[in-house]
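Structures are listed in the sections that come next.
Shared between the two complexes below is chain A, which pairs with chain B and chain C, respectively.
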Partner chain A sequence: MTLPFYQALTADVTALSAQLPLAADNLQDIRRSALERFKAIGLPTLKTEEWRFTNIQRYLKEFPYELQQTPVAVSADTVAAAAIPGLDCYRAVLVNGHLQTELSELPAGKGIIIGALSAHTTAPGFTTWFNEQPHLAEAVLAQLNTALFADGLYIELAANTVLDKPLHLVNVYTSNSPAFVQPRHLWILNRSAAATIIESTVHPDSQAVTFANSVLETVVMDNAELWHYNVQLGAANFREVHTTATHQHKDSRYHHFNFTLPSTPFTRNNLSVALKGSHTETNLKGFYLANQHQHVDNHTFMDHIMPDCYSNELYKGVLLDNANAVFTGKILVHQEAQKTNAFQQNNNLLLGDKADINSQPQLEIYADDVKCSHGFTAGQFSEESMFYLRSRGIGEDAAKALMVNAFSHDITSEVNVPELQQQLQAQIAGIMNN
Partner chain B sequence: MLTIKNLHAEVEGKKILKGINLEINKGETHAIMGPNGSGKSSLASVLAGRDNYTVTEGEVWFNGKNLLELSPEDRAREGVFLAFQYPVEIPGVSNLNFLKTALNEIRTYKGLPPLEAKEFLKLTKEKQQLVDFHSNLMNRSLNEGFSGGEKKRNEIFQLAMLDPQLAILDETDSGLDIDALRIVSNGVNKLRDAEKSFVVITHYQRLLEYIIPDFVHVLYNGRIIKTGTKELALELEERGYDWLKEELHLKESV
Partner chain C sequence: MINSNEIIDDIANKEYEFGFSTDIEMEIAPPGLNEDIIRFISAKKNEPEWLLEWRLKGFAAFKKMEFPKWQHFKMPELNLQAVSYYAAPRKKKQLNSLDEVDPELLATFEKLGIPLNEQKALAGVAVDAVFDSVSVATTFKTKLKEMGVIFCSFGEAVQEYPDLVKKYLGSVVPHTDNIFAALNSAVFSDGSFVYIPKGVRCPMELSTYFRINAQNTGQFERTLIIADDNSYVSYLEGCTAPMRDENQLHAAVVELVALEQAEIKYSTVQNWYPGDKDGKGGIYNFVTKRGICKGAGSKISWTQVETGSAITWKYPSVILQGDYSEGEFYSVAVVRNRQIADTGTKIHHIGKGTKSRIISKGISAGHGDNSYRGLVAVGPRAENARNFTQCDSLLIGNQCGSHTFPYIESRNKTAMIEHEATTSKIGEDQIFYLNQRGIDTEKAVALIVNGYVKEVLNQLPMEFAVEAQKLLSITLEGSVG
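What follows is the complex of A and B.
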């Protein structure tokens, strides 16, 4: 007997796993306990503290999603449309989480391992780090992913290996019937390795509704540096829960940028960083521009476990029409984490009549010698600036577009790939001018 | 070109302008002087269309168009330019991009195609020299971190780029050192011609040694109480405003 998707999620975990038999891999124990954990925690409701402003059930009930999909061919044109103009880069194309080597241009060479996650489940990096990030255990959707994921991208850079070009990861989601897709990735940068990875989402609009529940674990070892960009453009028939869980080790630098633009109706990003060593630097930057009835929820957790670490978090949002956004910034400074510098800021422009933001900083500080700050703003354009622009002949709409570009500048100007920076600025301007 | 008839305006219920009459012809430069709080900057704001001012009475005609019915952007497109007393800093908007947008919006309004990148750069270079505006400021964010003098020079540079028919300079000289004042005034003087008119609002006579006006008006308590030539400015510098106020009170009490 097969239950409809939502009932299977809430009532009968066995039926759920029957829909997609636990893969015959070496992960059966991990998968089984994750499924148990999922069952024990249960789906979030509006009473669940971490989901108070985000009603995921509404979106899970929306369609009779299927866990298994018949593969859909993706054309080179679809992939080309996702390209970043002028950027010389490597490319990994994943369709519903499955790597498409013929559409990809993967980096190769000494110290670089890259391929389908399913092909690397016995690699030492995998057995050491898979499902190890401590915050995953509390993330119920991540548990569901661990239990039932099919595939994803595995990257491991050996010590001192530096990717000479950015890697563009193109996530294509497509299906002929409503699909619940669960990609799973693991990226490991060993000692002093460095990489820039740009993730973007493509959802060819004519296809059926897809709900993606993806999990990415990244491991940034001693003195390594990762620049990770996640660009969410999406489409009206796409919904997403995107979980990124990072381990950072001694002297490492981790820069995570999240851009959410129209028009995915439902986006929830879980981003968490656990520090496993001292003297680390963490930059978490986010920009969301939402319109119509979009719901964008950024849920971040900066876990200062070790002393002498620095983190800086800046999320900025522009909400048009009826869009609403949630920002949660949890910073936990453990008693041992002396000399922590942790900063957090969330600024919003509410431009729609019914636009709405719920922002909650959550600072828990148990060490006494730390510098921590947080701030939140929500407002409209400065009238003085608007008048200045208009007094030069710039119409109201064009002035707004300029101002939004200016507002996003704190984030876009930090993008260290000029071609991506330009594309993002053009996309933001394009949305505002529309 | 510009006709102001019996203009009354208020801000937050407070009457600021109480019946201004002024006629400005093509090619003329008018100075408006007056003590603090007399309504000088308010007049500039009302002409440019700042929306916290409410016009309660009177008319303003600009080249046959009812200026008060136009949005701030349309006034600019028709050829009115206000050089701000305190130009705003807009981080993230580059000077270049801002100017290109402004110029092209004005051109579109006039039914002209947007400027080619090459033409735009050529124009920029030419006008930059006019006001001695360093090119390294061009790529920076609009006025961000500019010194007082750089901000004022940027106003005059924008004035040169947008080429309006009527330029209103609102206390462009306040806070400027003598070198910056010279540069700004030289820029303005180079832009003066038979077609363009200037309204120079200032608190200090000093500016008028560099930008020589055709007419000087004294604004007091929301009204123009005296009009003269450049000699009036000198007299004001020597005698202050009190004698004018007295004259006015005498007249009103008769």
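What follows is the complex of A and C.
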């Protein structure tokens, strides 16, 4: 292995983490075993089934990434660029995974704990749930994150606590030299708690290339409800592996929305949901619009461990220019998970001459009393619809933009924050009109 | 109404109906796999030098390969050195009529219901019966010969039509394709060879009954079908095997070549011994089947009904190279007890305007595990390629598994690809509806299953469709979800 930073990883974890901010934390054992696990699995190659169509090594080799970053000052203007117009919300600003309280506007009140993850490593929520999601053990980059993460955002809502306004989490990635950043978040919604969290990314284009390998664990306890939006706008000198691992308990609702828009060249989203209780509802929605040489890989895993649960997954994509998309959707229904309803759909519009799509919608089912289905399509605008619009005096480009707007409507219309919905629709239209 | 569990138990405990074994003097090669054995087989069959070399190349490729690890089942331990790679019925002299065929052999065929004798000829089926690797009788040959159709054993083709064999052997499934194809290339015993000349529509369904007999003899058939320009052929393959305690490996290779405007229809009804209710014994069916639509406007259609084998592991594929060529795959796979099926298809769209259609119906019962694994790949040149895939699964009982692993890769923006998959069980309301109308549960299930697989069975030639339906009812009748 010739990756510059990989050599550092083969060193002893104690020596390695001594260079990192959390040298003295109480996670040495977890970190050590995660690093061992990472080394045992090894970096994915194109022969690794889960990474067949995504050559991560190509992007890791691009620059001599540094694991350790020197803090860079971030101005309020940089953060303001990510603001959602007209939205009244709380704000948490993280620079390379480190919470910046002076730039943030954090919710406060009874039952709300929010702060840097490093400050909460002894909290009961942390000790119970950190690194507990069963799928993380198999996710090699998540293991790397566990071993070497620096910091992130810790949120815990006490039972019956409802966040009155959405929380906007602004991830700023910035560095003066190529950096490999590993933020780690843990969000816990206790019984009957509810929250809406919007995650977005800012990467000032003038800065050096940053590779973010972030891991977010969310725990949605009994009857709790979480709406999580991840908006990936990115920049040309940004690469991202975004892992979201969720635990859902009985009667809970979890809604995850992922929007990937230009122009991060490399995006890999790992999303996995493990059910710990019955009667849950899970909605996984994704929309990707990629142009130029963008590579967007959405890897989802819906693990139906418990009976009587419902899940609905819909990912739609529009590929322009030479864009390249991968979708892997796995639904696993265990033998005990009777009365499962699980749906999955992946639709793609290939508009670029060199655009391509690789899709693997998988069903693995061990229970008989279930309703499961998946669907996949790849194609073009229907000629009739285009003709209809053209015959009414709408130019070709405008007609295409209109059609993409309609195509994305299935996802954007489900967004329950109107301001965000409007912004997304405007962004999609903006890209199409260019 | 019969208790559903009882019915399931009843089905699960059902002994294999066609379990029997014929005692016939065999000429068997000593077990083991090495170059000497390959030379022995080649010499035994009086093969030309180039074929021996080709076999040895296959063996060299085999030695370099490893068993795959991606399959969705636990790979059984295969001791390829314990297998005997050659077994032939002793009588090899030219036979003029069926009277000269070993009576015991004929009795075996009788039991299998092969219409080998002249009376059965009225059914319009020409049979090239492969009994442990070597063809012993062929009917209808004369009639086919008149039309220029070549339908003979592979060994015969090597002797009589070496140019054709040399030209097409390994052109669709190269000896380096996969480990089982490499093994087959090295040690293939015999098989069938079909050549349909230009502009000929083969007047009858060609059919071969494969049968594994001698203990510890893996079968390595090689089938090669070539349909020249503007020709048509429908080929049927059916299988039964005697009951055995030891696992038997079957690693055949089937190659289809369709030239301009030609059409090949290949149907399989497979009923090999699936092993007992604990999964002991049974055939491992690791077959490489692939067809190439070489010429423009050609068509290849695979239809398979899989009810037997301990493990069925095959992906009949089509390479759509010619412009406007067409590929089809229709499949019914039934698993029960501890049976495993990991099957599906691969369709490569290379030429312009190519079309493909995949209909896969899986039925899982008992502890069976059924996977659909398929690839639809559209290359950059395949303008306006069109694919439709549907894979449905039916689950009967809560111990079984049903999985779909489709791979879809599109490199052309004008391609239209659709894929859908559903999984469900036989609804209680459906059973209730039929019960209400005086149809007992057992019949109701048969009716529902029948309706479920009808789309595929409709693709089979009539005689085969009847057999397939019978097989399905033996396998599943009365299983209530």
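Operating definition for what follows: the second predicted complex is superposed on the first by the 414 of 434 C-alpha atoms of A that agree within 3 Å, B and C clash if a C-alpha of one lies under 4 Å from a C-alpha of the other, contacts with A are read in each partner's own complex, and residues count from 1 in each chain.
What we mean here is this: contacts are C-beta pairs under 8 Å (C-beta built on N, C-alpha and C of every residue); 3 or more make two chains touch, one makes a residue touch a chain.
This structure is a prediction, so every number in the text was calculated from the model and none was measured.
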So, after the overlay on chain A, do chain B and chain C clash or fit? They fit
Any idea whether chain B or chain C touches more of chain A? C
Answer with first, second, both or neither: which of chain B and chain C does A:Gly86 touch in the superposed model? neither
Determine, under the contact definition given at the top, whether A:Leu351 touches first (chain B), second (chain C), both, or neither. second
With the two complexes superposed on chain A, say which partner A:Gln338 touches: chain B (first), chain C (second), both, or neither. second
Figure out whether A:Phe407 sits in contact with chain B (first) or chain C (second), or with both, or with neither. first
Going by the contact rule set out at the top, does A:Gly375 touch chain B (first), chain C (second), both, or neither? second
For A:Leu389, select first, second, both or neither according to whether it touches chain B, chain C, the two together, or no partner. first
Partner chain in contact with A:Glu49 - chain B first, chain C second, else both or neither: second
Least C-alpha distance (whole Å) that remains between chain C and chain B when both complexes are overlaid: 15
Using the touch rule from the top, collect the residues of chain B that touch chain A in their complex. 48-51, 71-73, 75-77, 81-82, 84, 87-88, 90-93, 97-98, 101-103, 105-106, 109, 141, 158, 162
Please give the residue numbers of chain A that touch chain C in the complex, ascending. 49, 335, 338, 348, 350-380
Can you name the residues of chain C that touch chain A in the complex? 70, 380, 393, 395-425, 481
If we count contacts the way the header does, which residues on chain A are in touch with chain B in the complex? 382-385, 387-396, 398-399, 402-403, 405-410, 413
